[in-house]
Structure formats: structure tokens, C-alpha cells
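Scrolling down, you'll hit the structures one after another.
Next, two complexes with chain A in common: one pairs it with chain B, the other with chain C.
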Partner chain A sequence: MMLLELKSIRVQYSEIIALHEVSLHINEGELVAVIGSNGAGKSTMLRAICGINRLSSGEIWFDGKKISSMKAFKTVEMGISHVPEGRRLFPRMTVYENLTLGAWTKRKDTIYIQQQIEKVYHLFPILKERASQKAETLSGGQAQQCAIGRALMCSPRMIMFDEPSLGVQPNIVARIFENIQQINQQGITVLLVEQNVKRALDLADRAYVLQTGNIVLEGTGTELMKSVMVQKAYLGI
Partner chain B sequence: MGALYALVASGLSLIQGLMNIINFCHGDLVTISMYTSFLLWSVFKMDPLVSIPVCIIVSTLVGIATHKLIISQVLRSPSSFGQMFSTYGLGILIASTLQFVFTPNYRSVLNPFVEGSISIGAINISKPLLFGAVGALLAYGLCYWFIRRTPEGQALQATEQDIDAAKMMGIDTEKMFLLGWTISGFCVGTAGALLTNFYYIHPYVGETFSNISFVVVTLGGYGSFEGSLIAGLIVGVVETISGYVIGPQYKLIPVYLTYLIVLMFRPRGLMGRR
Partner chain C sequence: MKDNGKQLMNDTRKISRGMVFRVIGGLCLAIFLLSFPHIFTSNYLRNLAILTCMWAIGGQAWNVLSGYGSRYSMGHAIFFGLGAYSSAVLFTKYGISPWIGMIIGMLVSSSISVIVGFPTFKLTPAYYGMATLGFTFTLQAVFLNWRWVGDSRGVFMPLLRKSSILDFQFANNKTQYYYIVLFLLVLSYLLVYKVSKSKLGFYIRAMKEDELAAQSLGVDVMKNLQIVGIISASLASVAGTFYAQYMLYVDPMSVYNSITSNNFILSATLGGIATIAGPLIGAIIFIPTGELIRGWIGGSGKAFDQMLWGFVIILIAIYRPSGILGWFKEHAKFFSGISKWMKEPIVRSNHDNSRM
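Right after this comes the complex of A and B.
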């Protein structure tokens, strides 16, 4: 079953067109990667899906409903969660407060929030240790774990990861990708955006290549890994 | 007086942090609240204490109108000068409208419910002033509790710290702006009503409060709610002491001196963040 569908979306920043006519789809339960170099429009795409950037044309559908004119907070209520580029934690709030804010859409249910926080602590024990520390004091890897934990707090149907390996110590990167796989195995649909092409393709059921605002290639992870174009442009082979 | 400064400045601090603007008409909302209180007293013989809720509602509504009609419009423009001058202009508009309606005469409320003074040893403390201080501290405490201890307060802080990330949490940030103006209206409305008990009322009285609020917000540390309280109290104490020692007409000089000296050593203010 198709969960998310982009139909020829175009997004621009005043004059600059960041996405030309991007179409893609994700089925329920899939792990789909979008790879592309710096400035290709990956972050813009995710920000358009969650309603922060508006479309100039095209449509976005999620779970059978058109979401492209919804405000950002509505898409979260629909079950779309976002681990943004650079993590974007609330710097002067504690880890615990950041996690709680992740469950804003379910704020009335304090029992649910406590249970969900325990689950996140179970996945990322370091967050429990750092619970009362301000987010701005965390290291890159800890902050990424906190951002992922925060995105899990609302029990989303789909999580979008924007370059989760960026600014994370190399020894933690593998852990982060394992976590993403675990999350997907729990039944949450994943849209992963990466420049770390090899790792992303290893993980993905299917993948798309985004180049200067256009999708130029799509296929399964293994297919793309074998593609001459991907090897030359992104894997340096 | 310090507690009232702290209360007024907390409202300013909140709005400036939340909207990321410099708001020059904050003090004029105090003026509006004072005239509301005055009007209700002169027409309906309502005591300034009784009319506090009305003052809060009026300042909140004026704040929200300012937000909807002016600030949300200028926020779309990339020019920060535009933002600065629009609130400055609105301040002038409010003051001159009040001058037109109420004349530039100094007004005050006669025979309020709370008046006179109590003496402790050699010191005479005016009751309305004492009452104002206690009321302002209570109002400040209520705001503080709301912002730091409730989920809505957390969401408000989140919006202030990173608006896009707040949207990604599912927070309706437009509602948070309105909530911010409501809290600011609560601070300013309460302060105005408490001031009416003992302070003169004049169309341009808000300018004093705007200026002092800027001093308090910067002294306390931009965006720090706790800093506003401490700095507000410091400014109040310095002002009172210098009023006694060197005379009321010069009382603001030591205030600004303190401000300059503190900023020389702590450019980010007392509780400012990196």
C-alpha cells in the first residue's frame, strides 16, 4: 500500500527553483533512501513534505489524503515525523524536555508520554543518563540520538531522516544506521536522505537519486549500487 | 517599583524573543492599560484593583491586534528597519491618539481603595507602592510558573528557540504567538492597573516604561525571564536610592550608569546566554 506520494512537486525560494518536478512514492513499511550531493534539494524535499516549505505546483499525498496545503503541525498529527538536518534540538532545554516536546500532539496523555520516554531510553540509554542536561551541551552523536528519540515520541507512521550521519563521530555513525534499521523493522516507514551513499544504499529497500532538483534514477538499493552513474558520481569507483 | 519594572520587562522580553523583533511600543501598552483603569474609575467609579481583569483583556487585545495587523505583516518583509520603525510608529500613534482623546494633562486616580502608608521604624512605605510590588511579584510568579512548568509554556519556549523545529513537533506556532501576546498583555495590563494606584497618568508615560524595559531586558540578559526579574529589581532599587540621595530629577542617571557598567563587564547581561 502506498503511504506517501509526491506528484511532480516544484518548490522554489523566490527566484531559485530548488525542486523542479519531483515525483516519488513510498510504500507502507518500506525504507526508501534519497541520495544526492550538496544542494541537490534533499532537505527542501523533506521540508516540503512536512509542510514547512510550500509547493509552487504539484501535490503531496499521505495515507490517501492530500497534505500539500496543510500546515506543518497538521502533518505531524497525520503521523509524519522529521529528524531534521543539523538535528535542531531546542538548545536551552534539557534532553528530557526535548523528548517531551516530541510528544506534543499527545500532550494530554501523560501515561503514554512516560511509557514512550522509557522506550526511547531503552533504545538510547545515554539519553537517560543525560536527561537533565541542556541539549546544547550534547556531543554530535548524543544530539543525533536525542533528535531521533524526539521524533519517535509521537509514535509516527513515517520518519524522515535528513543526513543523520552529518556531524556525528565516525564510530557512532554505524550505530545510528543500525538504529534506523531497527526503527524500520518495528514497522515504521522510513524516508532517509543521505550523502553517505554507500551506507544508505546498503540499508534501503529502494532508492532515488536526486540531482539539482530532479530525480534522475531510481531502483532497489542493490541496483543503484551497481549503476555506473552512481558508482562514478557518488562512490568514487 | 522594581517589581513592576520586572513585570513590564518580562512581557517585552517574551515578545522580543518569540517574535525576534524589537518592540518599541511595549511601554505604550502600559499607557493604554493605565488609561483603561483611569477611564473605568472616572466613569464607573471602579477601583483600579477591581478593573485589573479589564486592563489585562484590553492590553491583550491591543497586543493581538498589533500582532495580526502589523507585526505578522512586517515579519514577511526582509527589512529589519521596517520592523523597528513600524513598532516605533505605532507607539507614537498610540500616544498621540491618547493625547487627542484624553488631553496631555496629567491625571491620577483620587482616593483609591488602597492608599496611605505604613511606617516601619523611620521608614515610610506607601501602601499602593507596596501593594503594587506584591501584586507585580505574584503576577510575575504566575507567568514564570506557566512558562516553565506547563506543556503550553514549554511549547512557547520551543517556538522561541527554534520555530521550524517547533513546527516539526506539531506545535501550532501561530497559536503560540497569540499565547505570547496574551502573557505579555497579562504582564502589561496588571502592571498598568497597579501603577494607576499611585503613578501619574500621561499619554507619554509609556516611553519611560519602554526605555526602562529595554534597560532591564538588556541588563538581565536578552531572552532570560529570570534575568528580567533580577535586573528589574536592581533598577528599581538603584532608582529609589538615587532619588533619595541625589534628588528625584536625576534618579535615572545612576540607573543608566549601572547599566553601562554592567554591560562593560558582562556584554550579554547578567543572565545572558552565549
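Right after this comes the complex of A and C.
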């Protein structure tokens, strides 16, 4: 079943066109990667999906409903969660407070929040140790885990990762990707945007290549790995 | 959150030194504040105390939106002026009690805040400041030419020559004004304390830290900013109504003025933004000093205090953005010994026996 569908969306920052005509779809339970270099429009696409950037044309459908004109807080209620680029934690608030904020859409249900926090602690035990620490004191990897935990707090149907390996020390990167896979195995659909092409393709069921605002290639992870273009442009083989 | 609450409840069951000090200190402060006009019988000092409290309310109003919240308003004079004009015009034209005028002023200010907020809250903080500054002078121009509210002559309130709480006018001395402004001050500070501890305060804090992240977690930024804007505008409007009743005269040049907004900004930034006591501490320092400087230089050096305060704002922005209370927090190490000693319980309750 198709969960998310972008129908030739176009996003502009005043005069400059960031996304020309992007169409893609994600089925329920899939792990889909979007790869591309700097400035290809990856982050713009994610921000358009969750309603922070407005579309100039095209449509976005989620779970059979049109969401392209929805405000950001509505799309979160629909079940779309976003782990933004560079984590974007609230630096002078504690880890616990950061996690609580993730459950804004269910803010009245304190029991639910408590249960959800326990689940996040189970997935990332380090966060339990650091619960009362300010988020600005976390290391890159811990901060990323905190951001992922925060995104899980609203029990999303789909979760979008924007460069989760950015600013994380290399031996932790593998663990972050394992976590992403775990999350996917729990039945949450994942949209992963990465510059770490090899790892992303290893992990993904399907993948798209985004180049200067256009989708230029599409296929399963292994297919793309073998494609001449990807090898030349991104893997340096 | 629930856990935190339980922990807090456990803590309150113990009686620590700090609590004893706080209760005694609070009582002393309350007695001092209540007896102030009887200790200091000079009307000059009473006037200073009243002005300080009035600007402290305004400073707190600014602090709600621009200290706790993330929009730096440079035009809180708008709401101050609307509050002043609402009660003054209603009283002189229709004889409506200024207390009702105060509530109407709050409603007018809130609705103007919402209307102005829709386009301007979308701007980044610096541009929001400029927009509100511009709006102050727009309103000044409007009120200068609006015959119904007395255009450039302003509104003179009729002197009743008798004290009446209903008409908000007191003849002979300033004691009653002092008690009223003190009451309003305590009320507004309690309100802001409640807000800062509420969920709304929590979301506002998150939005100040990182608005985009808060938005992508589903926090409705515009709605929360509007609520905070309404609270802030209402408080500034209360200060404005008090100003009108105290001065018994309002004119566009003196209320819709960047000096009014600056007084708010200064009392909050000097004391420490995003703190409860900050605006009060700032006002206590800068209002009396400003008055003294004005009296001391006087005559040709009329605006010298304003120049000095401009300089002080620059110094605060460069060297101590967190204000006076922020300095205490930054030097917490020095004070931690004291606070540790303060926190030690002197009486333990039954609940703690299990832990011992």
C-alpha cells in the first residue's frame, strides 16, 4: 500500500528553484533512501513533506489524504515525524525535556508520554543516564540518538531522517544505521536522506538519486549500487 | 513530567533552611513593601516607588513576549498607549469607571496584538522589532490627528478633588496609588510565574531555543506566539491604564514613543530577561537613578539620562546579555556553598525514614 506520494512537486525560495519536478512514492513499511550531493534539494524535499516549506506546484499525498497545504503541526498529527539535519535539539533544555517535546501532539496524555519515554530509553539506554543533562552537553552520537528518540515520541507512521550520520564519529555511525533498521523493523516506514551513499544503499529497500532538483535515477538499493552513474558520481569507483 | 512532580512533592515534605529563610525573607519584604508609604512620608519617594512599580509591570509584559518568548518587541508602547487611552477616553467621555476601562483596554490591546501578530510574528526577531517600532509611530500619527481622542492636545481627565476607588482618583496623597500599583504588580508577576511554569511556558522556551525544530515536532508556533502576545499586551495595557489615572493626562507624544518601549526593555534586560524577578530588579535600579540624574542635571541636559541608558543597553548587550540575575547564575559556584547549606533539611518527615 502506498503511504506517501509526491506528485511532481516544485519548491522555490523566491526566485531560485530548489526542486523542479520531483515525483516519488513510498510504500507502507518500506525503507527508502534518497541520495544526492550538497544542494541537490534533499533537505528542501523533507521540509516540503512535513509542511515547513510551501509548494509552488504539485501535490503531496499521505495515507490517502492530500497534505500539501497542511501546516507543519498538522502533518505531525498525521504521523509524519522528522529528524532534522544537524539534529536541532533544544540546547539549553534537558534530554528529558527534549523527549517530552517530541510528544507535543499527545501532550494531554501524561501516561502515554511516560510509556513512550520508557520505550525510547529501551532503544537508547544512554539517554536514560543523561536524562537530566542539558542537550548541549551531549556528544554528536548521543545528540543524534536523542533527536531520533524525540522523533519517535509521537509514535509516527513514517519517520524522515535528514543526514543522520552528519557530525557523528565514524564508529557510532554504524550503530545509528542499525537503529534506523530496528525502527524500520518495528513497522515504521522510513525515508532516509543521506550523503553516505554506500551505507544508505546497503540499508534501503529502494532508493532515488536526486540531482539539482530532479530525480534522475530510481531502483532497489543493489541496483543503484551497480549503476555506472552512481559509482562514478558518488562512490568514486 | 509526572515523575518530576512527585520528586518536587517529596522535597516539599522536608523543611529545609532555605524554606525557613524564604518564608522569613518573604514576610519581611511584604511588611516592608506594605509599610513603605508610612515609613517614607515624602511624596517624592512615594512617587519614585509608584513609577518603579508601574515600569516593572511594563517590563514584565515585555519580558513575557521577548524574554521568555522569541520576538523582540520594540513597540510595547502601543499596548501601553492603548491601555492609557482606553480608560482615559471612556472616563472623560462617558464617565465609565477606569477599572472597567482597564479591562476594555486589555481587550483592545489583545485584539490589536492579534491583528499585528498575524503578519509580524512570521518575521525573524530583528525584523519583528523594526515592524513594531514602525507601528508605534504609525499609532502616534493616528492619535495626533484623531479629533475624537483629543488629537495633539491629548486627554485631560477631570479633577474630582475627592478620593474614590471607583473613579480611580485620590486627592491629597499618593498612598492609595501606591497600594493599587503594588497590587497590580503582585498580580501580574504571579500570572507570569504561573505561565512560565505551565506547558505554554515550556513550549515557548522550546520555540526560543529552536523554532524550526519545535515546528517540525508539531508545535503550533503561531498559536503559541499569539497567546503569549495577548498576555504580554494585556499586562502592558494595565500599566498604561495606571499611568493615565496617575498622571491624569495622556497625549500621543508621551505614550506612543520609543522611550516608553525602551523603559520596558531596559528594566527587563538590566535585571535579566526570562526571569521572574528580573524586570522588577531592573526597574528598581534604573527608574530612581534616571529620576536622580534628571533632577541633578536638569534644564539644558534634559535627555542626558536617555543617552546614558542607551549606552548602558549597549554595554549589557556586549558584556552581560543575561542581565544582573544572569550574573548571579553564572557565578553559581560562589553561591553554591550557600545554597547547599540552605537546602539541608532541618526537620525530616516520616517519608524520608525509609531512605535513611
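Following the convention adopted for this analysis, the second predicted complex is superposed on the first by the 237 of 237 C-alpha atoms of A that agree within 3 Å, B and C clash if a C-alpha of one lies under 4 Å from a C-alpha of the other, contacts with A are read in each partner's own complex, and residues count from 1 in each chain.
FYI, a contact is a pair of C-beta atoms (placed from the backbone, for glycine too) under 8 Å apart; a residue touches a chain by one contact, two chains touch by 3 or more.
Values in this document were obtained by computation on a predicted structure and should not be read as measured data.
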Combined model on chain A where chain B meets chain C, clash or fit: clash
Touched partner set for A:C146, first chain B, second chain C, both or neither: neither
Chain B versus chain C as contact partner of A:A200, first or second or both or neither: neither
Touching partner for A:Q114 - first (chain B), second (chain C), both, neither: second
Touched partner set for A:A33, first chain B, second chain C, both or neither: neither
Partner chain(s) touched by A:G102 [first = chain B, second = chain C, both, neither]: both
Overlap of the chain B and chain C footprints on chain A, listed as residue numbers: 47, 50, 52, 71-73, 76-77, 82, 84, 88-93, 97, 100-102, 104-105, 107, 150, 154
Residues of chain A defined as touching chain B within the complex: 47, 50-52, 71-73, 76-77, 81-82, 84, 88-93, 97, 100-102, 104-105, 107, 150, 154
Residue ranges of chain B in contact with chain A within the complex: 151, 154-155, 157-158, 161-162, 164-173, 273
Interface residues, chain A side, partner chain C - complex: 47, 50, 52, 71-73, 75-77, 82, 84, 88-93, 97, 100-102, 104-105, 107, 110, 113-114, 150-151, 154
Chain A-facing residues of chain C, complex: 1-3, 199, 202-203, 205-206, 209-210, 212-221
